[in-house]
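Naming follows writing order (A, B, C and D), and every chain is counted from residue 1.
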Amino acid sequence: MTTANSRELIARRAEKEIANGDYVNLGIGMPTLVANYISPDKTVVLQSENGLLGIGPFPTEDEVDPDLINAGKETVTASIGAAYFDSAESFAMIRGGHIDVAILGGMEVSEKGDLANWMIPGKVIKGMGGAMDLVHGAKKIIVIMDHVSKKGEPKIKKQCDLPLTGKQVVNKIITERGLIEVTPDGLVLKEVFEGYTVQDVIDSTGADLKIDVNA
Amino acid sequence: MKTIYKSAQEAVEPIQDGMTLMVGGFGLVGIPEQLILALVEKGVKDLTIISNNCGIDDWGLGLLLKEKQIKKMIASYVGENKEFERQALSGELEVELTPQGTLAEKIRAGGAGIPAFFTPAGVGTEIAEGKEIRVFNGKEYVLEESLTADFSLVRALKADTFGNLVYNKTAMNFNPMMAAAGNVTLAEAEEIVEVGQLEPGFIHTPSIYVQGLLQAEQEKRIERLTTR
Amino acid sequence: MTTANSRELIARRAEKEIANGDYVNLGIGMPTLVANYISPDKTVVLQSENGLLGIGPFPTEDEVDPDLINAGKETVTASIGAAYFDSAESFAMIRGGHIDVAILGGMEVSEKGDLANWMIPGKVIKGMGGAMDLVHGAKKIIVIMDHVSKKGEPKIKKQCDLPLTGKQVVNKIITERGLIEVTPDGLVLKEVFEGYTVQDVIDSTGADLKIDVNA
Amino acid sequence: MKTIYKSAQEAVEPIQDGMTLMVGGFGLVGIPEQLILALVEKGVKDLTIISNNCGIDDWGLGLLLKEKQIKKMIASYVGENKEFERQALSGELEVELTPQGTLAEKIRAGGAGIPAFFTPAGVGTEIAEGKEIRVFNGKEYVLEESLTADFSLVRALKADTFGNLVYNKTAMNFNPMMAAAGNVTLAEAEEIVEVGQLEPGFIHTPSIYVQGLLQAEQEKRIERLTTR
């Protein structure tokens, strides 16, 4: 399991995937953390699929507005230049390819870039929310997650066992152990993070990895 | 020009057992609080509810769920509600989970006279099972059909007496599309103003979509209070 | 050809098809005249498919706003309670069945209620504008037109010869000679107007007419 | 945050021969006047233009037509323009007439990632020839595919420096959908204000759809002056 430290490391690394001027959707959970690390040198507009373009920081107690939440249902503020709109417009934005980067959590990612992150059959019924639309809409899909499950089993696998959110949709996976690109030739390990070796990553990954680490 | 109801009870009076209702809101934000409470009080049952979520255990649509008034739920995310999970797993409640963008677009299509459209969301997943898949420009899409409702219940910040509506911040969410997709649309507004008081260039829901109005105060419960 | 008087008669009769509280779309040309005769006892909201719900009277010279026109491109005003919106929303309204009555001009109407009103092959290229959407969207489609062509030939026919705007879409036809309903059993003459006899209408109509005139 | 061009010439510089352009406006209302003039000046040709109308003989898109810069026109109504008729009848100009609601929806779909949808408009007419017809709930519908463009040129009343847009009255028309459906969208605004000056709840086109901005005065010619 990732510690608070490794969650910060993942979020900080994910932030580097965001360019100045990008419109970005951050999924619920760990992806939300990325907002805390966006460089002040970048103008980045965060989209919330419940109808807000321009998520600001969490409110002070005085600023709390019950009618202003993010997709995780947390009270937020709107940043300067923000716009509100309805859910159809919000997903027109997402589905129409206008979001530059979506950073999502994952339960499993396959070597082809399939993503499973919405359901564990027989255990919980929650629903997919906007994830199935996001994976097909954003120009770049980055999954950030723990490298292995609570039981220590690989979450990056030849094939997903859980019900899919989308097929061949993930571009990059960032975990506490490294950064992996999904390419037409399979998974390519591009970066290994402090405290792990290339062999550590290979051993904890359930699919073949090509190694292209500049170290 | 539109019927302005004196109470939520009066507004929901024509809603009958077995009807299909769309109910606005995302989480607890933008839900028509008093209309939902009146449905609970009325005890109408076997409802099919189309709404992004299903409230929480003790507020919003969760109240209808608790009283077992819902037969079928069409939603995108229902993870806030333990009773939902119990009824769904036991088979008491029929559930149709729909990707959020597809749900929004199915409702928008219903109001706009579009019976079906192709979308990429859900292709290659169980959502697309049994549905037509077609390739456009080398990419696969699934055919989804539109949704309409006997009644749509929406929540606005302001309404004028013609039925024009303005929503507040992210309390807009599914409300405008649902207003258009209801055979009869009832709008619960925090304030009803005289016609002419709303700026014509900044109306979110034009009056043509709204049949009945109710002025009602809102509790606006907060699901996840997060502060700096 | 209809005179100014008979155009007024047609417009006044068409007005009776509009109920208090109705949302109405008036086509370009003679249908526009109907607006002049709407009873002050009725609240009627006129939709213009270029993005206005609530057409008001023509402006005074001082009120003219070049950014405020109707679908016939005439300068207009907005009535109290009006709303502006984009063309997709406008036709969502139309296609979605929210307009109670559409009153349109016609070149030909068939005995099944087919309408031709957009094109004369080889002669003019204008385009259908919003007519093809309107005929499928509004709850009631009323065609108002001259009973016969400039050459004196019937415009109500067994079949349309001109390219269609829509098939089986017209509910009522109002001309200077009478009012005809399109029913599953064919055309039914319901009213004959001053100056004409039932036989006059039969003789100038190119399709079978059932007669149901309360006179 | 968005590129603010100093001149219309600079804004249209990347537009090349053979490109597909969407151009906002209904009649002469809401057309991006200066961007059109700059296209005429640039002399770019073989354009496919998607716009509800094609201007009049001496203004708007009619100017591009006069200079024979348009190869193909996709529109719903072109009756205001004699040169259009001449070029269309002689075969110099390719024309695709589309019902206005279908045109609006094809553009909306293009911006919204919907590749195709069913609509009743045109069923049983020559518009539907060669297209798939399908019955939903006993009524026939025709399958129509979406439209996108290399560049969309739109006209707004106000823009902020982020690219959020607000339109004026019926000058809105096709502009919002086109803004979303252009690979690159250039917005000509009567006024450009600092970001933060526009009310977030009343933005017609959110900034995400806009890549470039131009401030320009508008002549706003009136096609049919009608007064009381």
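Here is the rule we go by: a residue touches a chain if its C-beta (ideal position, glycine included) is under 8 Å from a C-beta of that chain, and two chains touch if they have at least 3 such contacts.
As the structure is a prediction and not an experimental result, all values here were calculated from the model.
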item: Joint neighbours of chain D and chain B, given as chain labels; value: A, C
item: Between the pairs A-D and C-D, the one where more C-beta pairs touch; value: C-D
item: Centre distance in Å when chain A and chain D are each reduced to the mean of their C-alpha atoms; value: 35
item: Centroid distance [mean C-alpha coordinates] between chain B and chain A, Å; value: 28
item: Chain A and chain C, separation of their C-alpha mean positions in angstrom; value: 54
item: Overlap residues in chain A, where contacts from two or more other chains coincide; value: 78, 84-85, 91, 94-95, 136-137
item: Contacts with 2+ other chains: residues of chain D; value: 105, 108, 112-114, 119-120, 167-169, 172, 200-201
item: Chain contact topology (line, ring, star, complete or other); value: other
item: Pairs of chains, among all present, that meet the touch criterion; value: A-B, A-D, B-C, B-D, C-D
item: Touching residues on chain C, where the partner in the complex is chain D; value: 48-52, 57-61, 64-69, 71-76, 78, 84-88, 90-91, 94-95, 114, 124-133, 136-137, 163-168
item: Residues of chain C defined as touching chain B within the complex; value: 21, 23, 43, 45, 47, 53-54, 78, 80-85, 89, 91-99, 136-137
item: Chain B to chain A touching residues, read off their complex; value: 26-30, 52, 75-80, 84-85, 88-89, 95, 97, 99-105, 107-108, 119-127, 167-177, 204, 220-228
item: Contacting residues of chain D [partner chain B, same complex]; value: 105, 109, 112-120, 134, 136-137, 139, 141, 145, 166-169, 172, 199-202
item: Residues on chain D engaged by chain A in the complex (per definition of touch); value: 1, 108, 110-114, 160, 162, 164, 180-181, 195-196, 200-201, 203, 206-209
